[in-house]
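In what comes next, chain A is part of two complexes: it sits with chain B in the first one and with chain C in the second one.
Moving on to the complex of A and B:
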């Protein structure tokens, strides 16, 4: 599905990510885990083509036969529109606080798939219902909803769009434990029900253990270990992974 | 007074002033320039509600008509400065980099020159009428708006929802207007309100100095200018009422601005 090969990212001569290679298999939940500043989010930015100005990525990241690092902006736009969906850390900031949810949900889902406003309303209502959100939230403003609800709205859009690859960048770090669990459950359901491939960025081992099939361990810009979650948990090879596993509660 | 009540009160005051001046021609029984040399310096009373001036013109009619002129000049100039400020600040904030640096240094250079001097220079060769007056105040009054818009745009450019929108291929004009400008509205609104008060003040000051609106057109500033001599002979009403109107109007606008600036209200405005 997504094959990253010798991806390096440089900002002002400083190496942020160093020749990292990994593979995200289709239909699985793959998790990138690592401490803060290990280059997880930068890797994602490079994949999405949204690196901050001054940053430069080299290497290859082949997604559906296209190298994401080398494609033109226009092509990247097409890929992002049709095949990718992203969920960011802080759902509260992912929505424009002065626009009603209906318009924003439509912008994130219906407009991308080319549905009319009516089709969107029908379909979104069913999805919201399924996620335990009342249909009234579409008439509300984002600041009237809680962080957990907003994150669920994001999932609702992902369910609607049915992307090939869902990239979730620390989606749970702003949520409390109960909501985290609920959210991870939703991700798993998305994966099982629609077969969506998910790339889950996190620093929380429990989430990896709970949700992911495959895992990639990053440290200081380098991929130190990759493999099946079960295998890595049982027989960690790299000393850092071992330390990480030992530090679990 | 509680903030909410204060806001309502001052909005009502400003509203009454605006309505009174807008309906000037219906409310006054004399034309603002109708002279009657048999009735000069009549003190406030039944026939002339607020008295007459040295040419026997009705002060009440002139006060309303003058308010219309003053408020129109202020509104037009504020609209003009709003447009220039949003464009200048928006471009500077959104484009960023070298463009931003150059634009901001230029703006800082302009800010160091007191706007009154620029206005005086302009007035000197434009031989100011009412509209040129509005134009001049407008093109000197956008500096603060531009700064506010720039800082809002810089803040919002990095907001996650803007990144999301960019990523999902939202058209750029939609991001600029729907996301960035829309979320800057509370800040822009407040600075524009204060600009409005400032514009009234500048119009009044210039007319008071005799270099603003031409004498044939009544404005609050003009009225004060002519009232200078009248006060010496004891005709206090000619100067007092325009003065009070100016005072109350600017006070109302400032209080409304202060009430809206209150951070607790921010979300409601958004």
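Moving on to the complex of A and C:
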């Protein structure tokens, strides 16, 4: 699905990510785990073509036969629209505060799939219902909803568009424990029911253990270990992974 | 909710006008010089003390200032602005002769400043690091540093004296009833001076708000999820317009202050020029009328801006103070 090969990211001469290589298999939940500053969020930015100004990415990241690092802005835009969906950490700030949820949810979902406004309303209503959100939230503004509700709105859009690859960048770190559990459950359901490939970025081993099939361990800009979650948990090879696992209990 | 909000704004506007009138009344009376003498202008030396006293008594100038203010306020509330010392005509008549000119100048300049600054500011703000971006940052400093009166003098010397294509001063041909085109000829120079000295700084403000807004989290999220650039820009512009509108609101009073100078320079028969003239002649009723009417225009403009903000910013409507 996604094959990253020798991806390096540099900001102002400083190496943020150093020749990292990993593979995200289709239909699985793959997790990138690492402490803050390990370069996992930067890796996501590079994959999505949203690196901050001054940052430069080299290497390859082949997704559906296209190298995400080298494609033009226009092509990248089309790939993002047609194949990817990304949920970010800070749901409370992921929406424009002065625009009604209806318009924003439509732009994030119905507009991408080319549905009319009516089709969108029907389909979104069903999804929101399923996620335990009242249909009235579409008439509200983001600042009237809680962070947990907004994160569920994001996942509602992911459920709606059924992307080839869902990227979730620390989606639960702004949520409390109960909402975290619930959110991970939703991700798993998305993966099991719709077969969505998910790339889950986290710093929380519990989430990896709970949700992921494959894992990638990053440390100081380098990929130190990759493999099946069960295997890595049982027989960690890199000392850092071992330390990480020990600190869990 | 909305009715309550509008009501609150109106009460606040009235309080502002009350404070403005109170302060200007007292400052006016604290200024040196004898209004009774000013009333006689050039012949003031010929007045003896008894005559001065008589004039003061006739115009109630010998009463305490606070009592004078009370009387003035009571009459003004009834719609009676009094009679001009100098012209002997009702102040309201004189004000209404001047009002259209001021509204015309204010309306035309404000329109072009807003349209121009939105256009320039958006072009510059949306493309950070572009020629537009850097160009506007420089040009706005230059244009806003140029004093309006100096630019006005340059304009008069160039367009009226050297080229002779525009009238140097006034607001209409003498003896002419003044058609639209005639008025326009007189309007060009004062309006251009005000627009040129203001548009840059307003554009710069919008440019910065757009740049700040573009760095927001939701913009990255939207872009990463393939949302059309057009939609993203619309959202940015909407949010960036809130501080921009605030800025316009804050600067409207000083904008009027600046236009008084320009009106005087070009002898544009507006309220600003009238106010300056009545200060010189110590024509208290006319001065108070002029100040109050200018204050009213400012308050109404601020009210309109608040109203636009109320529509644009849902947080205001929802009473959210976060």
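The criterion applied here is as follows: the second predicted complex is superposed on the first by the 248 of 249 C-alpha atoms of A that agree within 3 Å, B and C clash if a C-alpha of one lies under 4 Å from a C-alpha of the other, contacts with A are read in each partner's own complex, and residues count from 1 in each chain.
To be clear about the criterion, a contact is a pair of C-beta atoms (placed from the backbone, for glycine too) under 8 Å apart; a residue touches a chain by one contact, two chains touch by 3 or more.
Predicted model only: the values in this text are computed from it and were never measured.
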When chain B and chain C are modelled together on chain A, clash or fit: clash
First (chain B), second (chain C), both or neither touched by A:146: neither
Chain B versus chain C as contact partner of A:77, first or second or both or neither: both
Partner chain(s) touched by A:50 [first = chain B, second = chain C, both, neither]: both
Which of chain B and chain C A:64 touches, first, second, both or neither: neither
Chain B versus chain C as contact partner of A:228, first or second or both or neither: neither
Comparing the two partners chain B and chain C, which touches a greater set of residues in chain A: C
Which of chain B and chain C A:107 touches, first, second, both or neither: both
Chain B and chain C contact sites that coincide on chain A, given as residue numbers: 48, 50, 77, 80-81, 86, 88, 90, 93-99, 107-108, 112, 141, 143
Touching residues (chain side chain A, partner chain C) in the complex: 48, 50, 53, 77-82, 84-86, 88, 90, 93-100, 107-108, 111-112, 141, 143-144, 157
Sites on chain C touched by chain A in the complex: 129, 216-218, 220-228, 231, 235, 238-239, 242, 312-315, 318, 320, 322
Complex contacts: residues of chain B adjacent to chain A: 159-161, 163-170, 178-179, 182-183, 185, 267, 270
Chain B-facing residues of chain A, complex: 48, 50, 77, 80-81, 86, 88-90, 93-99, 107-108, 112, 141, 143
